[in-house]
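My questions all concern the structure below.
We just call them A, B, C, D, E and F in the order they show up, numbering each chain from 1.
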Amino acid sequence: MRPSGRNPDQLREVKITTNFTIHAEGSVLIACGDTQVLCTASVESRVPRFLKDKGQGWVTAEYGMLPRSTHSRMGREAARGKQSGRTQEIQRLIGRSLRAAVDLNALDGYTITIDCDVLQADGGTRTASITGSFIALSLAIEKLLDEKKIKKNPIHGQIAAVSVGIFNGVPVLDLDYPEDSEAETDMNVIMNEAGAFIEVQGTAEGHAFRREELDEMLNLAASGISELMQQQRDALAK
Amino acid sequence: MRPSGRNPDQLREVKITTNFTIHAEGSVLIACGDTQVLCTASVESRVPRFLKDKGQGWVTAEYGMLPRSTHSRMGREAARGKQSGRTQEIQRLIGRSLRAAVDLNALDGYTITIDCDVLQADGGTRTASITGSFIALSLAIEKLLDEKKIKKNPIHGQIAAVSVGIFNGVPVLDLDYPEDSEAETDMNVIMNEAGAFIEVQGTAEGHAFRREELDEMLNLAASGISELMQQQRDALAK
Amino acid sequence: MRPSGRNPDQLREVKITTNFTIHAEGSVLIACGDTQVLCTASVESRVPRFLKDKGQGWVTAEYGMLPRSTHSRMGREAARGKQSGRTQEIQRLIGRSLRAAVDLNALDGYTITIDCDVLQADGGTRTASITGSFIALSLAIEKLLDEKKIKKNPIHGQIAAVSVGIFNGVPVLDLDYPEDSEAETDMNVIMNEAGAFIEVQGTAEGHAFRREELDEMLNLAASGISELMQQQRDALAK
Amino acid sequence: MRPSGRNPDQLREVKITTNFTIHAEGSVLIACGDTQVLCTASVESRVPRFLKDKGQGWVTAEYGMLPRSTHSRMGREAARGKQSGRTQEIQRLIGRSLRAAVDLNALDGYTITIDCDVLQADGGTRTASITGSFIALSLAIEKLLDEKKIKKNPIHGQIAAVSVGIFNGVPVLDLDYPEDSEAETDMNVIMNEAGAFIEVQGTAEGHAFRREELDEMLNLAASGISELMQQQRDALAK
Amino acid sequence: MRPSGRNPDQLREVKITTNFTIHAEGSVLIACGDTQVLCTASVESRVPRFLKDKGQGWVTAEYGMLPRSTHSRMGREAARGKQSGRTQEIQRLIGRSLRAAVDLNALDGYTITIDCDVLQADGGTRTASITGSFIALSLAIEKLLDEKKIKKNPIHGQIAAVSVGIFNGVPVLDLDYPEDSEAETDMNVIMNEAGAFIEVQGTAEGHAFRREELDEMLNLAASGISELMQQQRDALAK
Amino acid sequence: MRPSGRNPDQLREVKITTNFTIHAEGSVLIACGDTQVLCTASVESRVPRFLKDKGQGWVTAEYGMLPRSTHSRMGREAARGKQSGRTQEIQRLIGRSLRAAVDLNALDGYTITIDCDVLQADGGTRTASITGSFIALSLAIEKLLDEKKIKKNPIHGQIAAVSVGIFNGVPVLDLDYPEDSEAETDMNVIMNEAGAFIEVQGTAEGHAFRREELDEMLNLAASGISELMQQQRDALAK
């Protein structure tokens, strides 16, 4: 039995609010149960130095948690003077995943920076960040197309992410914090609309997981991501 | 004429949402027009080293702006590896102001950390932070009293803050960003419920301001703060 | 009764030594009682990046305390690897105040950096820094004019600063350390030669201060600053 | 055809030199083709603060590349003043993987720090680090057992790691740098002696990978890791 | 011919002002020609962690240059966020040299920190720092003896320092900046009152120096240090 | 008697392995007894900013110790976020010494960075670094000459380094760690092939050393360096 009473293959309720803030070119508040992440996409007409004169644009991401987004207060990274290894790992993952859906040549001259700031955490903040960021990125690119700053839509695929894991011996979808902190295995899966993998990251927290467990988890992830992609399309259709 | 069409002595619309997030002992989203600040109060049963065995508790504050809370994206302080002078100045001001309303002896053994995170900025983020923080602090202290962790209410006064300035030669109340960026003088005023001053910080951005201008600005501030205090009491009464 | 035996409206003895060191374009040692600050003005023919091609020069300030300028030794900021919030707050204040007296257009192409290093501290180091810096800045600008590097004197006003406060219930001028550490209210006032305000920063350390106390403190500040300006003119006339 | 002429399921030649340096409790130089990593295990009789009085020991890892281990020189992380996100990601992975093979209760009172320093890089440095570290860790633990500092062998499993990927459309085992820099998909797999997974990290560098490609890669990894484990046992048997 | 017109074996004029500042237990302004260093000795009743329960005290030093102590302004180390290699090298040298004159057992329980802050630089700041620091240290220790906090004088020798070098092919004593910046060889020598060496650091800036040149330089240093020691004794006798 | 049984004037066994790694333009593993340092020379076609348009190339060095190169594990400098004063002192010394052997004009357009990484430490790592670096530098320059990137050999001298000291009252050559940690005096000497000095750094660790002791130590150093230079020539002749 899951602490939340959900079925093993059941997502938490997803709520997507577009244009949550006014300044960013794309702005989305995504809530997956009690996990809430504000994803903004900022467009700047410059490219990083390593892309100078390469005919490409760039998409990158930064991630942060508000100090009291969590059960007990965490030190503020700006005050401690550096981002933790976990933060860097997550923001590298978000940026890499989004770039897998974008033709950087069609974005020539522009950098889009996605900021994922966790307002409230209850497990799965990195996958919620990716799912929400794809929408924020799409909104910002729509704006670039509307303003005729770019000619061709650089987005060539849809991506979304979800966590799966093994909780009390049972593969489950979309772990919340009570599950995540107890899970024997935790896996983050990022897929595209064709059902192919962008990234798979599975970690045995307790004992090692067997091949058939891996297979079951991937099945759960595929079905969950397919639901999330419908929600993304609904949000963008508005 | 003010860009927003407001009268010189007119506050922006204030909206206070208590319990905006679930983990913090006190949590408030305060909106002053388009400025939105999330203020959380976190209680920890420890005191900073310099108060060891002094029979006192502590109240402190941290401040941050989300990278795209502003018109154009600002670098993330956690990524740059340090907090700017402006950030430190503001968080020192918030903490000092709140401590002026608290009897630290009655808070013995506890540290309350107020986090003010700006989700959206349109001028006056530091005064909105103080006005909102007072509510978050009050909620956290109510909880400590309810749980009988402390015996006596350490809050001995009510405080709120507002900005005033001289815009196009006219003293005005509660500057928004278009005014703030053009103002000749900018002043932040923090007062208590008795109409006395906790902090006054006035800066001539253009030319120096005269004594009678200072007097008019202080009158505007006093009336604005009195309105804000009513809003604070209404929010806490719910 | 003040610890020093001074009257409430009495400044400490001021001693201004120009050309205290040989390399800087302007160099002043200012002593306000036992507070001693070395202020140097350094001219460089460059402007910061944000002023590139704007037809303006720049004036900025840095502040530091020698580790043993104080009663007990403070850690060296260079060794700790960062400047404290207090240091940044003070150097931002000094720079902002000096710029209020300067026409930056007339300084096109030049940056003047004021370094205020406290050799000995006994209260009022930030106001002594501002009063002394104005002289160092003036000397450096005289040099630029003499060498015909600039055509027009960019200084369009005289500025000086002093602290006032409420000590044992009585408004007093120019607090020394024993007063400062006990004062109920502490206010730093920066004015120009016309008696208008450049900056007013008042903080209730104990209980809040009333409007009439504010008024009395401002009167004391105005008279003290007028005396300090005479000292500045005398020092520059030599 | 692979640049090295290897078959798709062929490992590079592995050379393991135990006791490569004299001071560490465990010291191994592992060469996988031209990739050479020095892994040392250092035993200290202390535990990190978060394990104080928990009856557990700790195993952790740090990773670094010598500046000229690579084709062109990389800046030294110690000189730049921080470890890159990639470095932190890798060392977190190494530590997590090793802990999956260790009963921390049986290591009570001790911290073993594994240092993986890349002397020469040609792809697969993180998996070589894990495979080599397991040997260094085992040597250090043998020493603790020999000296009767611990009673029970805390190692309850054998772990090794290898990379797999899709190169020119073909799943291949153990990518070298020319393959790695061109691969469409890159996956690091860490397994135990029972063929279960400790960690799986697959990233689509070019286009997304399909489920059947994932399956083939996992098969390759399983067979490669089984060979590597034989090498580990041989090295430890000496 | 030396730029200053001095003979090869002639020191610059030395001026030593004791008690230059009021707070430090020992305070000395030493001027060697235009080089001016403020040396303060601060006594604290604590020892560094590595000396806990070892029955020893500690003497250490920190060094800094005011930003405009030099011909052109240098960046402030506190602002840049780290001390340069040169600064660290110098402060390690000062501390090591002073400890060579002190019986740390007789200083049990106390740390004396010497701060050497260069107000004005004209070559030889590190040797002036050492010569001045010895006096500041002696004053602080006299105070500890007077207050009966320690029983036995921990100073068992007198030390002083001077630079020598080869300028235009001629060995010269006590280089000023014009000589130092052109010298082919630069050597810093620290000796005790018995004419033995505490530290010798010679560097060929242009071409390598021969054994007989080294010998001549050491002779010059010995005679210069003997003069400086007389000045130290005179200053302490006052 | 020396702990190693060596005669006072006897070097440890030296082993020089050229081309120890494959990527660097020059690569040398030097072993002086149990001290092992990997020295690599990396050529880049750029010059540092301060040499822009000066018609010169540059030679610089960086130094590091692997965390477990020593008896007990040292913290990794990259993890601590800064290089120690000792590290900076040593790398400045290595760079300065090598530049003394090089005509920088003949290296116009190129920077050669020497990385000295200590794999195993047993005293004398800085002198072994210098002796080994000279070989790595020579190999890299041979390569530049072979590829006709530079016309003239910029190396105009040979340099090597050794430590000498006073151990149990006796001057000895090439101290190992057991001697170094007990020595009363420790001196590092860098000389060229003509027997002239590039750098002399002598420090009294216990009591001060007399002139005749200095003379004896310099004699030992000269003879040791002459042997080391033969080894350098042999290694380069291969």
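Note that a residue touches a chain if its C-beta (ideal position, glycine included) is under 8 Å from a C-beta of that chain, and two chains touch if they have at least 3 such contacts.
What you see is a predicted model, and the numbers here were worked out from it, not measured in a lab.
Chemist: Based on which chains touch which, give the shortest step count from chain A to chain C.
Modeler: Steps on the shortest route: 2.
Chemist: Considering only chains that satisfy the touch condition with chain A, which of them also satisfy it with chain F?
Modeler: D
Chemist: What is the chain whose Cα centroid lies farthest from the Cα centroid of chain E?
Modeler: A
Chemist: With chain centres defined as C-alpha means, what is the inter-centre distance between chain A and chain D in Å?
Modeler: 28
Chemist: Using CA atom averages as chain centres, what separation in Å is found between chain C and chain F?
Modeler: 51
Chemist: Roughly how many whole angstrom separate the Cα centroids of chain D and chain F?
Modeler: 33
Chemist: Distance between chain B and chain F based on Cα centroids, please, to the nearest Å.
Modeler: About 59 Å, centre to centre.
Chemist: Using the touch rule from the top of the page, what residues of chain F touch 2 or more other chains?
Modeler: If we look for residues of chain F contacting two or more partner chains, we find 81-82.
Chemist: If you connect every pair of chains that touch, what shape comes out? Choose line, ring, star, complete or other.
Modeler: ring
Chemist: Follow the ring of contacts from chain E, passing to chain F on the first step, and record the chains in turn.
Modeler: The chains follow each other as E, F, D, A, B, C, starting at chain E and passing chain F next.
Chemist: Give the list of chain A residues in touch with chain D in this complex.
Modeler: Result: residues 82, 85-86, 88-89, 91-92, 96, 100, 157, 187, 191-192, 194-204, 207-211, 214, 218 of chain A touch chain D.
Chemist: Considering only the defined contacts, which chain E positions touch chain C in the complex?
Modeler: Spelled out, the residues of chain E in touch with chain C are 21-24, 27, 34, 36, 38, 40, 42, 44, 62, 64, 66-73, 76-79, 81-83, 87, 113, 115, 117, 119-121.
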